[in-house]
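Should a chain be cited, it is by its letter among A, B, C and D, assigned in written order, with residues numbered from 1 in that chain.
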Amino acid sequence: FERTDAGNVIVFGGRQAIPVLDPHIRYDWSTRMIQQGVYDALVKYEGDPAEVKPWLAERWETSDDGKTWTFHLVENAKFHNGDPVTAEAVRYSFERGLKLNKGVAWMLKDFLSPEGITVVDDYTVKFELKAPYAPFLSFLPWWFVVNPQQVKANEVDGDYGQKWLTDHAAGSGPFKLGRWEPNVLYEVISVEDYWKGWPQGDNRPAGVIYRMIREPAAQKAALQRGEADIVEGLTSDDYVQIARVPNIVIEDHKGMTTFGIKFNTQKGPTADINLRKAIAYAMDYDAMIGIYNGAASLETSPLPDAMKGHIEVEGIPRQDLATAKEYLAKSAYPDGGITLDYVHVAGLEEARRIGLVLLDNLKALNIDVNIKPEQWPNMVAAGASVDTAPNMTSIFATPISTDPDAVAYQYHKNSWGQYYGIAYYDNPDVSRMIDEARAATDWETRAELYAKIQKQIVADQPEVFGMLQNRRWARQDYLQGFTFSPVRFTGEVDLYPLWIKEN
Amino acid sequence: MNSTLLDINAYSLGIGTFDGPIHVLKDINITVKRGETLGIVGESGSGKTVLVRSVMGIGPSNSRVQAGHITFDGQDITRMNDKGWAKIRGIRISMIFQDPMTYLNPLFSIGRQISDVIAAHERAAGQGISSKAMRRSRTQELLEQVGLPAPAQLFDQYPHQLSGGMRQRVLIAMALAGKPDLLIADEPTTALDVTVQAQVLDLIKSLVKKLNLTVIMISHDIGAIATVASKCAVMYKGEIVEQGDTAAVLSNPQHDYTRQLLAAVPDIEVTPARLLAKQAVQDVIPAPQKLLEAVNLRKVYKTQAGGEFAAVDNISLSVNVGEIFGVVGESGSGKSTLARMLLRLIEPTSGDIFFEGQDISRLRGEPLRQIRQHMQFVFQNPHSALNGRHTIGDAIGEPLRIQTTMSRRDIDVRTEALLDIVQLPKSFRYRYPHELSGGQKQRVCIARAIALNPRLLILDEPTSALDISVQAQVLNFLQQVRKELNLTYVFISHDLAVIRQICDRTIVMKRGKIVEQGDTEQIFLHPAEEYTRALIESGRVTSRAARLRA
Amino acid sequence: MLSFTLRKLLTVAGTMLGIAVLTFVITNIAPGDPARLVAGPNATEDMVDTIRVEYGLDRPMIEQFGIYMKDLITGDFGTSIVTTRPVLDELLRYAPATIELVVVAMILGVALGVPLGMLSAVYKDGPIDHVTRILSISGVALPAFWFGILMQLYFSVDLGWLPVSGRLPLVTRPPDMVTGSLLLDALIAGNLETFRTALSHIILPAVVLSFPCLASILRVNRSEMIEVLQSDYITAARAHGISAGRIIAVYSLKNALLPTLAMIGLRFGWMLGSTVLVETVFDWPGIGLYAVSSALASDFKPVIGVTLLIGFLFIIANTLVDLAYAWIDPRLRRA
Amino acid sequence: MSKLDQTATIPASFSERHAGRIRQMRLYGHMFRGSFSSMLGLTLVGIFLILAAVGPWIVPFPEDTLGAVHMGSRLLPPSTEHWFGTDEMGADIFSRVIVGARTSLWIGIVITGLGALIGVPLGIIAGYKGGFVRACIMRLTELFLAVPGLALALAIVASLGPGLTNCMVALAIVWWPGYVRLVEAKTLAVKEELFVESARSIGAKTPWILWHHILPNCMSPIIVKMSMDMGMAILAAAGLGFIGLGAPPPAPEWGAMVSVARSYMPDWWWYSFFPGAAIFLTVLGFNLLGDGLRDILDPRSRAR
């Protein structure tokens, strides 16, 4: 950390830049981490298991048909420029998100139109959904509230202040923006009289600097030299190694990011379910855990463990060469002799290494694997059509809510063309059940449906179900207030409660 | 006053090479007394330059003295170190070089270079360095001394802004800066124009008198030696074969090589025997038949400054079958340009060329290639006219491979026959050009040119890059071949003695124009132009020196 | 003179246009889908389309090309999809860091390369010659990225002498921007402490970047020096009694410097290119880093912008070299 | 002409006929041996070529070069069993580095070969023809030279997608202008030589002159440049590999290895050290060799 006149400044070393801060446009982990610092939403995810906590909204009620949601706001919240956070600000923010049709819009746009949001009074706002939508609340933590006065003042050609909000903020959160040097560092400064107060009281840091350190080796060096207080993105082996260094603590928590090797279930050899099963049984699952040095757990269902409605599906494939060969014999390629493409995002180390494991394992089936690293945009472009979707694609998917729909919907036919729908999985039963579960307001009904869905998906094997990697950070032991919540993104940390304990 | 200044005693020098040491200088004995001028002649590569450079301590880097001493003014300088040289080099002994173009540093002004030399001398003398202004005036004084106009302006000029003659004068000024006891001049005039040569020689001669210098001068040109030097030494293959008073050596040569050398200098005064013979049978000559004719040829080049400059300006000529047609003129007068145009190697800006009555100035492609069989070119410099990466056999066979459909074997046979014609051993087929001497290379070039049995041969100063003794051989040989193969020659030269010996008709060129033309003998006996007279006069000096014994 | 300047300007403009066409074509051979990248992983097709329309990616390639060229002529380099900012702004933000790095590296390269080259030439084939040659060629052969990491580990992590990466310590406020170069700006502001820290940050990347350049400068200078030392005018200078030291330091150096200058011009462009690697290793926030991250995101307007900028700087550098040439070589001076 | 109708006499032996060539070669050999750095270069290149030729047959763990995974023996330090240690998948780094010589050699040959194949003819034509043709070619060349090679290659690979072939194509695209420039300058000089004019005067056509006279005389600098470029191309490809755009796994490519290994510094130093050192030594070898060749073949040529 850095000592300044105003107090201690916490340094976070991260590998990913923050090109656009606008909360309604971008929400990758580094961006969201700062957004969560400078903006407030109606509600916020906290704790492990994650729970939706009241934030700007102190309470809310739902109508019986599940279509109308009314939120009552706290009355002392104010934006950094002193304006109060009113119902109008909330309405405007949601309207902005929906109208811009970028970033977070996909979460609500099918169920909510800007007209459906009404200001009841200064501190009450009402949402009327087009249809009942059970996961509605679980998406709200991602919708931050901006100050309409400030945004409108900086509007250019009716762009809803997009240009301005790229590197400015109009929020009410615990931090306001400090220095903003793209690709170098991004600083936030704590707001002394934050309306919700500070959990660490007077220990509140003067601010946080998110510093770009791209190389893991440099990150590690920075951590060891005390130039960074917490870093993200070290290699698995580094975490093991650095854990032995005194004064350094590894945060290691079960996450919700699923990993699967998705088959193209419509075209090519992998359209053959027996081949898919054969591959799934040939895979060395322990090696997947080994790649993370044990900091991962195997998937027992398409849904991550921490998700509501998760069940452990029996008979999910584990390595068993005999079974693999049986399935292979039943397939159209009883002797193997084929080459399958395995595409992963270039630069994703773990995906590359799993590819190597796959290559090694499939030698037993006399199947050759062609590992192809691709840039993310190219990979997505190829995956957008069933004809160009590769035989196998490694996909990490992080659900943004604990609602099972967030993962289950990936197996709906509507997801075809999306990166997570790259398997082109087609089972009308499953699609129907997902739709039903979405609309149902009653949790019991939903839970039952999701159990069925999970079993059916495992039976159809549209992918090799991989593992859930743990979320890890390495931090100095004097950094206090670290909290974990599985719904957050990979590297994201809640900056709000952090503080430095000096001895 | 007549004390010995330089004494070279049984001096032998070897140069280490990949093949082992070669003995470049063998048992050299020379003494030079104060006030004397010694001339050294000898063929190319005989070791003249190495010898005089050894005297200055700037010989080849990998050379080793094998025996003998060099004593300068009583001091042994054979193996002196740099410190010792600092007091001698450039101060007591200084040197003028062969090529004024390359011996001046192009990046520094004339004045700067000379005053630096002055400063260096003052430093070496330990008197402290005089002020810039003083050096400047001293420099200008020197420049004036060597006869350069407007020294004040010249001071700030750069070498490229000067003509060759001026540069050589600057180099002389530089050499005189230290008021040397001994001045060495290594072929100070060979790179200069004939007319300028005489002036520079005169300058050296007058300086010798005025400053009471002791001079060693190397030259190819026996005329130059005879003009300047009182004593003379002849070098051959690293040895001094003969030395003594210039007049004595030239009038009564003892060594075979000296005799050969003198005999090889063509005599400008003698009416060639050929003409005497011809006069006898004058009436039988049939009406001349035109082989090549040029009408109003012009070649214009763009100059750097953007202007235009006619290298060849409206020249018309006609060459008859069987004759030798001469072209003379000083360097840069457009001789080579004209020759190239005649062969259509470069495009004339305007004008027409007729070969055997056919207009070839508009020919292109295949017909042009065909016509090339009949007219061939021998270039000025045999050293670069042969591709170093082809064997001699390849070089001679090349025209056959291009122009005929002969088989590989036939070409080999013909190549050997051609080698025979140019009097070279057949085994030369497998050699590379760098393994041949200049004269041999020129013969290869001729063999190559006559391979296709052409009717016309254009020879662009075929001997100017060769030693005099070799020149004589090549000239003889050319005349022989002409008779055998019935050729017509266009012969370009700046040496009037040669022209007179072999050419029937001649044109004299100056700045791209014909200033005089007609029967060769006529031009010699009654030159109409001042320019022609100057050319003839400078040729006479050499001839006269060579004919001393006659 | 005017027409000369005009012609020069025209050729520069022509080259720039050429580079723009070239890079545009190359980057669009097999276009990725940057819109998807920025739309986020869960975006629906119509959301991606929103972005495509906003950035004109939905139009036919030819039309995109036309629009880009038209904008370019008015000085508009387009907008980066990833950062949503005008490319020109970003170039102006990142270029000073790169230029500073390259210039410092170039100074290092010249300051070491020229004397070492001279030394090597003077003691040709001696032990000094061999040592400097092998060392210098090692400079060319060292993979910059690997060497950079090694230096980082040794000087920063092991010895702790120099910072690992970046341009300034975190809490140091950069001096007021005047030239964009932190070193100069710190000096202008009279802030010696900032200057010192900025210098300590630039040392490692500059050394890594300068190594190959040092090597080629050394090599050219050496071979030129050898050639010049054998030339006739140096022989003449020796014969006229000018001392060996002066011959080497004044006469030969100036002549040998001409081709070295040309090499410096060439190397300048090369260096600008290889900042791509060095900036990645040292987190140097310059245009190299910007180009890499944009290229990896298939965001090609910045890549074209960077290429144009580097091309432009390269041309400028070579024009300067030409001027220096004319200044040194009187033969090139026109009345 | 009867005296010409003889058969050609053939001298006794090969060595007699080629005495000149042989002496020249001996001279080259002598000069080369005399230079320590040239010999070092030759040795390094020799070792590299041998490894590239027989690598897969001499390495202790050939299967590791094809992507074998041994999760039990990850990141072992150098030992008698694993000379260079093992990598993060438990593969033997020694085997992978040795076999990587092949990939690198292939990269070097393809890039310089393609570069020369495109550049040399263009350069010769530009230099010989002059005029409009030359203006066109040289304009294009200058254009390419003004663009930073690595940045352009980066853009090409990013656009085509990573992979060895794309990487080589990209580098070849930025590589040829160097040859055009070199050959053009040389051709301009050679063109002025008398022997070219002499060939024209005997009626040789342009292709003949280019092939028999110009090209052989341009060969020395081309050979020197190609030797140097082998090294530089390997280095450039490794640079792309480092950014993540090089050979895909499991191909043992040095740049890609260093790229992966860099995150394992410094605790597992051997992982990046050995492939890095292999790049370094190879490039060093080719550069020293090129430098030595330049000294004997082309002493007067300017660098580059």
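Keep this in mind: contacts are C-beta pairs under 8 Å (C-beta built on N, C-alpha and C of every residue); 3 or more make two chains touch, one makes a residue touch a chain.
Just so we're clear, the structure is a prediction, and the values are computed from it rather than from any experiment.
Subunit B and subunit C have Cα centroids lying 51 Å from one another. Between the CA-based centres of subunit A and subunit B the separation comes to 87 Å, rounded to the whole angstrom. Subunit D has its Cα centroid 24 Å from the Cα centroid of subunit C. Subunit D has its Cα centroid 47 Å from the Cα centroid of subunit A.
The residues of subunit A that reach two or more other chains are 215, 217, 346-347, 375, 378, listed in rising order. Shared interface positions of subunit D, defined as residues touching 2 or more other chains, are 158, 161, 244, 262, 265-266.
Within subunit C, residues 30, 32, 149, 153, 157, 280, 296, 298 each touch two or more of the remaining chains.
If you draw each protein chain as a dot and join the dots that touch, the picture is not a line, a loop, a star, or fully joined; it has some other shape. The full set of touching chain pairs reads A-C, A-D, B-C, B-D, C-D.
Considering their complex, residues 30, 32-34, 36-47, 50-51, 80, 82-85, 90, 93-94, 149, 152-153, 156-157, 160, 163-167, 170-171, 173, 280-281, 283, 285, 289-290, 293, 296-298 of subunit C touch subunit A.
Within the complex formed with subunit C, the residues of subunit D that make contact are 34-37, 40, 139-140, 142-152, 154-156, 158-161, 173, 231-232, 235, 238-239, 242-244, 255, 258-259, 262, 265-266, 272, 276, 279-284, 287-288, 291, 300, 302-304. Subunit D contributes residues 67-69, 71, 74-75, 88-89, 158, 161-163, 244-245, 248-250, 260, 262-268 to its touches with subunit A in the complex.
Considering their complex, residues 56, 58, 82, 86, 88-91, 94-95, 97, 99, 102-109, 116-117, 120-121, 123-124, 158, 160, 171, 174-175, 177-178 of subunit B touch subunit C. Of all residues in subunit A, only 215-217, 234-235, 237-238, 241, 284, 286-287, 290-291, 346-347, 349, 352-353, 355-357, 359-360, 371-375, 378 touch subunit D in the complex they form.
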